[in-house]
Amino acid sequence: METVVQQLLNAAQLGAVYALIALGYSMVYGVIRLINFAHGDIFMVGGFAGLLLALRFTWMPLWALMPLAMLLTALLGVAIERVAYRRLRQAQRMSLVITALGVGIFLENLVRLGVGPETRQIPSRMPTTPVAWLQDALGVSVTWDKLLIIFVSLALMALLWAVVHRTLLGTAMRAVADDKDVVPLMGVNLNRVIAVTFAIGSALAAAGGVFFGQAYSLDPYMGIDLGWKAFIAAVIGGIGSIEGAVLGSFLLAGVEVLTVAYLSSNLKNGIAFGLLILLLLIWPSGLLGRPASKKV
Amino acid sequence: MLAPPPSPRAPGPWALRGLVLGTLALAVALQLMTEAGILPEVLNPYYLHLLTVVGMNIILVASLNLLNGYLGEFALGHAGFMGVGAYAAALLAARVLPPPSSLPPFLGPLLLLLPTLAAAMAAAAAAGYLVGRATFKTVGDYLSIITLGFNMIIVNVIQNIDAVGGPRGFTGIPRNTGFAAVAACTLLTLAVLRALVQSSYGRVWLSIRENPLAAEVMGVDVNRAKLQAFTIAAAFAGLAGGLWAQYQQFITPRSFDYIKTTEILVMLYLGGMASLSGSILGVVAYTLMMELLRNLLGAFAPQLAEWRMILSPLILILVMLTRPSGLMGHREWRWLRPRGRS
Amino acid sequence: MEAALKVQGLAKAFGGLTAVSGFDLELGPRDIQGIIGPNGAGKTTVFNLITGIYRPDRGRVSLGNTETTRFGPDAVARAGIARTFQNIRLFAQMSVLDNIRMAFHPGAGYGLWWATFRTARFREEEARILARSLEHLERFGLAGLRDEAAGGLPYGEQRRLEIARALATGPRVLLLDEPAAGMNPREVEELIQLIRKVHQDFPLAILLIEHQMPVVLQLCREIQVLDFGETIARGAPGEVVRDPRVVEAYLGEEEARA
Amino acid sequence: MTKTAWTALLPLLLLGACKPGGNELKIGVSAPLTGDISALGQSTKNAALLAQDEANAAGGLSVGGKTLKVRFVVEDDENKPESTATVFQKLINQDRVVAIIGSQSSKCANAGAPIAESAGIPQVTPWATNPNVTKGRKFVFRACFIDPFQGKVVAQFAAGRLKARTAAVLYDIASDYNKGIAEVFRDEFAKLGGTLAGFETYNTKDTDFSAQLTKIKAAKPDVLFLPNYFNEVPLQVQQARKLGITAPILGGDGWDNPELVKLGGGVMDGASFSNHYSPDTSDPGAQAFIAKYKARFGSVPDAAAALTYDAAQLLFKAAGTAGKAEPRALRDALAATSGFKGVTGTITYGGSGDPVKGAVMIRIENGRFVFDSAVNP
Amino acid sequence: MSLLRLEQVSVAYGAIRALHGVDLEVREGEIVSLLGANGAGKSTILRAVSRMLPLQGGDILLGGRSVRATPAHELVALGVAHVPEGRGIFPSLTVQENLALATWTRRERRHVEEATRRVFRLFPRLAERRTQAGGTLSGGEQQMLAVGRALMTGCRLLLLDEPSMGLSPLLVREVFRAFQEINAEGTTLLLVEQNAHMALKIAHRGCVLENGRIVLEGPAAELAGHPRVREAYLGEAGASSPPCPGTPGSSR
C-alpha cells in the first residue's frame, strides 16, 4: 500500500514537470498550429538560465530566481518566433516544423559549447526536509521540495487557465486558434498575441526547467527526450487544450511510473506507448481534444 | 489566350525491360569494378561510402514522401520500419543463410542479398500494415503519435531480445552489399515509386491529402488507400534497413529511434514534399552540407570541429526561410515527370 | 416506375438535438426534385445521411434495389450516388484533369502490381481513363484548363468542375448542395442551363438544395420544404411557395408575391 | 543556379585529400564531440592533443631512423554508428591516416571496426568494453579491459569484501555497456552464493528513477549496484538516499569522471566502483600525465582520457618497433606488445585485441577518489 | 463629406492583377453597393480598404488621411470594421466572447455596455444565444453575429462582404433591414453583394465592377434602371447581347 502511494507521488512530481512543458507545446500549437519541436530545448535553456543565475547570484532566493529565469526564457521564445517562425507563418506547416527542429539542434549545441557538455544540477534552493505529518499519515517519504514542485506547477497552470479563459487577451489567443486571418479585423495585433503566447509558453517551460534542474539534473541534450514526452502528453490530452495538456502529462507520468512499478521496467517504453496508442484508438482526438468532426 | 492543350498521350511504357535490365547491368558492372579494385581507384572510397549512404537515405526519404508528401500525413515512425527490415535481414543473413565466404565470390553476395532484402521488405511491410490499420480512426497529429509510439515500441522490444544482441547491437552480419547493390536498389525504388505516384493510386493518395471527404464521396475507400500507402512505404523503409544492416555489418536498436526519424524528416522537407526530385535533392544537399562542413572545418579550423552542429542547423533554418517549400517545392525534374504532359 | 432513390423515415439527432426527423423521398429515375428551407433546417444533414457521411438513427435509404443505409460514403458513391458540396471541395492543388481522372479510380481495371510494373493492362487502362476524362472535360468546356490547378480557377468554373467531377463517377443520382450560392442572377441563369443540359445528357435523377428561388422554380418537378428537421410542405414548386407555412418560415411575404 | 553552386562547392570536398606525408605520423581520432556523451568526447580530444603536443615538443618520434612529427585528426562521430562509419571512411581514405584511435562507445567502435578491418588500418579503441568489438578481428585493439572481467571484479568485491548476501541492480537497458556489466554481475554474484533482490532497468536519459528505487527499497538489498554513467549515477544515488535506501552502493568504470562528485556532492561518499586506474596511483609516469593534464585543462583526467593517452602511446611505441609508419607493420607491432606500462596499467596483447590487464576498486571519500584494492586477472 | 476615398488603387495576388487603378468615394452616412460578377474584384476592394491586402499602387484615404501604411488592426481603431466573406466568426468562442473581442481597441465600460445593448436590440436572437459557442449557431445567426461583432468596434464605416450568401430569403430580408437601421443610426456602409435586387434597394449609390475596373457608377435607383445592369446583374431580359467578360461560362 505504501509503495502505491509512494509511486503515485513520484508520478505526480514527474507529471508536474511534463505538464509545464506540454502546456507550451499545446499553446503554441493552439495559436499557430505549429508543433514547436524546439520547445523541449527552450525548456532546457530555461533550466540552464536558472543554473547560471543560481551560480552567479548565490544569495538569490528561489522566488526571485525562478521568475527571472522565466523572463529570460520568455524573451528567447519571443526572439525565436520573431526571427525563425514569423516569416513562415503563411508557408506550409511542415517547413515550420523543420525550422523548429533546426532551432532545437542549434540551441542544444550552443548551450553545449557555451556552458559545457557536463551534466549539471542547480544547487537546490528548496527545503528538502521531510514533511513529518504527511509522512506519518501516509507512511511514505514526502519532502517539501516535492510538494513545492507539484503545487507551484499546479498554481501556474491554474493561473494560465484563468488568463486564457477569463481575460480578453486569452479570448484573443483562442480566437487566433480559430481563425488567425480574421483576428486583425477585431483591432487585435496578431503578432503581439502570438508573441505573448510564445512568451508564456517559454516562461512555463523555464519554470519546469528550473524545477527539473533542482529535482533531477540538466544537460544540453535533455530537451530532446523530454520535449518528445511532453509533445506526446499534449497530444494524448488533446493538443491545443490546456486542461488536456495537464491531464495528458499526469497520465503519461502515471503510466510510465506504474508500468515500471508493477509490470516491467525493461519494457517500460513498449508498454507505456502501447497503452497510449490504445488510448488514442478509443479517443481518436485525445482525451479532451475537440473531435475531428466531418464538417460538411 | 490559352496555349493549345498538349496532345493527349497514354502514359509511356515504363521501361520495364529497359530499366530493370539497365539497372542490373549497371549493378553488375559496378560490382565487377569493385571486385576488380577499379572503382575504389577511380573514386575515393570515402566518396563511394557517402554515395552509398546517400542511396540508402534516398530510399528512406522517397518512401516517407509517399506518406508525408503524397498522402499528406505526418508520419513519425519511419526509422522503426527501417529497423524492422534491418533486423529481419540481419537475422536471415547472419543466422540462417550460409556465410558469403562459402559461396562463389561474385554470385554469393547477390544470392544472399535477394532473400534477405525480400525478408526485410516483407517484415517491414507487415509492420507497416499493422500501423496503417491502427491509424484508421485518427488523423493529423494524433496519427503522428501512433506512428511515433510504434517507433518507440519497436526500439524497446528489440532492446529486450537478447537473441539479436539487445542494446549491445547485432554484430557479425556479413557484408553482402556495397555501392553497386545500393545504387541498383535506389534506382529501382525510384522507378517503382514514380510508377505508383503517377498511376491512379498516386492520384488517390494526393486526393486524400487535398480533401479526404471529397475523395470518399468520389468512391475512394480512404482506409484502404491509407493502408496501401503505409504498407508500401514501410516495405521500402525495410529495404533500406536491409541494405543498411548488410552494409554496416552492425546495427543497434537505437540507430532506429526517433532521432533517425527526424533526420529523415529533415531531408524530406528540405527537398520538398510530394516531389521525388525533392527527395533526391534533399538527401544530397543535406549530406553534402554535413560533409562539407566537416571538411571545411577540418581543413581550416580543426579546433572548431564541434561548430559543425551549430552551423548546420543555422544553414537549415536559412534554407527554409528562403525556400519555404523546400529546395524543389512541388516541382519535378523532367525525367521524373509523367509523360504525355506539356 | 421504380424509384431511383427511395428514402423512408430518415431521422438523425446530434446530442439531444433533432436535426432531421422522418424524412421521406421518392426520386424517379429521371426526376429533378428540390429541398428548400431556412438555415439550419437540416437540408445538408439529409444529404449527409443519404451519402453515408452520417449514419441515420432511423429510416432507410435505397438506390434502386440496393439498400445503402449502412454504407460508408465511398460505398454509396460506388453504388451510384454522387454529390457536390455547399462550400466547394475540389482537390485544390491537383490539376483539373487529375480531379476528373480521380473519379475513374474505382473503375480502374488494374491493381497495385500492375501499376508498379506498368504492364500493358495498366497502360491500356490509363489510356482509357485519360481519353474518357478529356472527353468529359470537353463536354463541360473545361478542356482548355486541364493543366491548371483546380484551386486557382475562378469561382464559377470551380462550381462547374465540381459538378463535372461528380458526374464522372457515372452516378444514377446527383445531389447538388446549394450550387448557386454566391452567384449573381446572370450566373444563376447559366447554372440553370447547365443543370438542364446535364439532366438531358446523362441518364440520372437530380436532387438539389437551393436558396435561390429561380433555380428551384425553373428546374424542380417537386420540392419539399424542411423546417426544424421536418417536412412542412411538399408538392409542385408553384404551389408550395404559396403555402402560408412556407411563407412564414422561409420566404416571407415579399418573395411569395413576387 | 543551384547546379553551378554545387559544382563550385564540390572541389572543396577534396581539400583535405592529401597523400600520406613522408615525415608525419598521421593518426585519426573518432570521438563523440557532440551528442549525449560529449563530455567524454572532450576528454578524449584533450588527451589526444596532449599526447600529440608532447611527442612533437620532444622533436617528434624516431621511427626507423627518421624523425616523424605526430598529427592527430580529430573527427566528431556524434556517438552515432552511422556517423562513425563515415568518420572512419574519411580518416582512412581522405586523410590517409595510418591508425585510428576510437571510437569510445562500444556501439560506435563496433560500427567502425569492420571498416578498419577491411581497409587494414589498425584501430585502438580506448574505452569500448564490449567483447564483440575485437572478436575475430586482426586490426582491432583496445586499451581497456572488457565488461565480463569488470562485472566479475565488482561481484567479488560485493560478496567478498562487503559480505553482501543480497544485491539489487538498476541499469540502463538501452545502453550496451550498462547491460553487459549488469548481467555479468548478476551471474557472478549468484555463483558466489548471493541472491539477487532486484534487477531493475530504465532508459537512457530517464531522470526519474523513483519507481524502480521504490521497488528496490521494498526488497531491502545488502548492496545496490549501479553500473551506469557518471552523469546519471549521482541522481540515482540522491533519489535512492531520499527514498531511504541505506545499502552501500557500487559501480563500474562508467563512474570515473570528476563530474561524479561535483554533481553528487556528499551523497556519493562511501560508494565504490571498479576502474581502469586510480588517480591515487603511485606510478610516476601516470602521475606525470595527471599533472600535465590538470595543468593544461584544469581537471583530473577521467578514465577515457587516461585510456586515450595510453592508446596514443601504444601506437607511438608500435611505430618505433615497426620502424615505419605503415598500417600493416603498425598492426604487427601492436599485436606483439608486451608489458607496456601505461597510465592505466600494464598492457600485454596475448593473441587477441584484448589486453591482459588489471582493475582497481576505488572508494569515494569526502569527494575524493581513493584507491581501495587492485584486482588482477 | 467624403469618409473614404480610393485613388487609383491597384492590387495583385501574386502575378495576377485583381484591381486596375480603382477610384471610389464613399461619403459619410451613405450606403454604397458594389456590383459585379464573381472575380470582378469586389471583395478585393474591401480587403484593400481594411488593409488585409497590400496595395500595389494608389492610395486609400480615410477622412482625408492616408492609411496606405496603416496595419489592419490599427484601422479598426480609426473606425473601419470589416465583415469578411464567409462571416469569419470564431467558432469555439461564445457569442459573448466573439462580441467582447471586438472591443479590443475600445475597452471603456460605457462604450462596451452601449454597444452590446445596441447589438442585442438589432439582433435579439444573439442575446438568447449569448453563452452558446459561435460554431453551433445557424448560418443566419452567424451572419448576425459577424455584423454585431463589427458594430462592437464602434465603427464609422462598415464593410460588408456578401452578407446574403447561403441565407434563406426570409433571413436575407431580416439582415438587410438591420443594415438600413444601422445606417440610419449614422454608420456608413460599403456593401458587396451578389443579390443585386436587395443591394440596390437599400443603397444610395452603386458601382459596377468588371475585371478589376469600375465601369458604371451612379445613384442606386438610376443603376437599377440601366439596361446593362438589368441584363447582367438583375438577370432580366436580353440573352442576345454578348456575355460580359469575366463571367464564368463565357467561352474564351
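Letters A, B, C, D and E mark the chains in the order given here, with residues in each chain numbered from 1 onward.
The rule is short, and it goes like this: contacts are C-beta pairs under 8 Å (C-beta built on N, C-alpha and C of every residue); 3 or more make two chains touch, one makes a residue touch a chain.
A quick note: this is a predicted structure, and the numbers were derived from the prediction, not measured.
Colleague: Which neighbours does subunit D have in common with subunit E?
Modeller: Neighbours common to subunit D and subunit E are A.
Colleague: Could you compare the number of C-beta pairs in contact for A-E with that for B-D and name the larger?
Modeller: Spelling it out, more C-beta pairs touch across B-D than across the other pair.
Colleague: For subunit A and subunit E, what's the span in angstrom between their mean Cα positions?
Modeller: Centres of subunit A and subunit E (C-alpha means) sit 43 Å apart.
Colleague: For subunit A versus subunit D, what separation do you get between their C-alpha means, in angstrom?
Modeller: Roughly 36 Å, centre to centre.
Colleague: On a C-alpha centroid basis, what's the spacing between subunit B and subunit C, in Å?
Modeller: 42
Colleague: Could you say which residues in subunit B touch two or more other chains, in rising order?
Modeller: 2, 155-156, 159-160, 213, 259, 306, 309
Colleague: Going by the touch rule set out above, which residues of subunit C reach two or more other chains?
Modeller: Touching at least two other chains: 53, 85-86, 144.
Colleague: If I count partner chains per residue in subunit A, which residues reach a count of at least 2?
Modeller: Counting only residues that touch two or more other chains, subunit A contributes 109, 112, 224, 266, 268-269, 294, 296.
Colleague: Would you mind writing out the residues of subunit B in touch with subunit C in their complex?
Modeller: Touching subunit C from subunit B are residues 2, 5-6, 8-11, 13-14, 16, 192, 195-196, 199-201, 203-204, 206-207, 210-211, 213-222, 228, 232, 330, 340-342.
Colleague: Which of the residues in subunit D come into contact with subunit A in the complex?
Modeller: Within the complex, subunit D touches subunit A at residues 34-36, 38-39, 41-42, 173, 200-203, 205, 207-208, 210-212, 214-215, 218, 230-232, 234-235, 242-244, 259, 262-263.
Colleague: Sort out for me which residues of subunit D touch subunit B in the complex.
Modeller: 2, 6, 9, 12-13, 15-17, 33-34, 38, 73-76, 78, 80-82, 85-86, 89-90, 92-94, 106-107, 110-111, 113-114, 118-119, 130, 132, 135-136, 173-176, 179-180, 203-204
Colleague: What residues on subunit B touch subunit D, complex-wise?
Modeller: 44-47, 49-50, 53, 155-156, 159-160, 166-169, 171-172, 175, 248-255, 259, 288, 291-292, 294-296, 298-299, 302, 305-306, 308-309, 327
Colleague: Where on subunit E is subunit A touching in the complex?
Modeller: Touch residues, subunit E against subunit A: 50, 52, 71-74, 76-77, 81-82, 84, 88, 90-93, 97, 100-105, 107, 149-150, 153.
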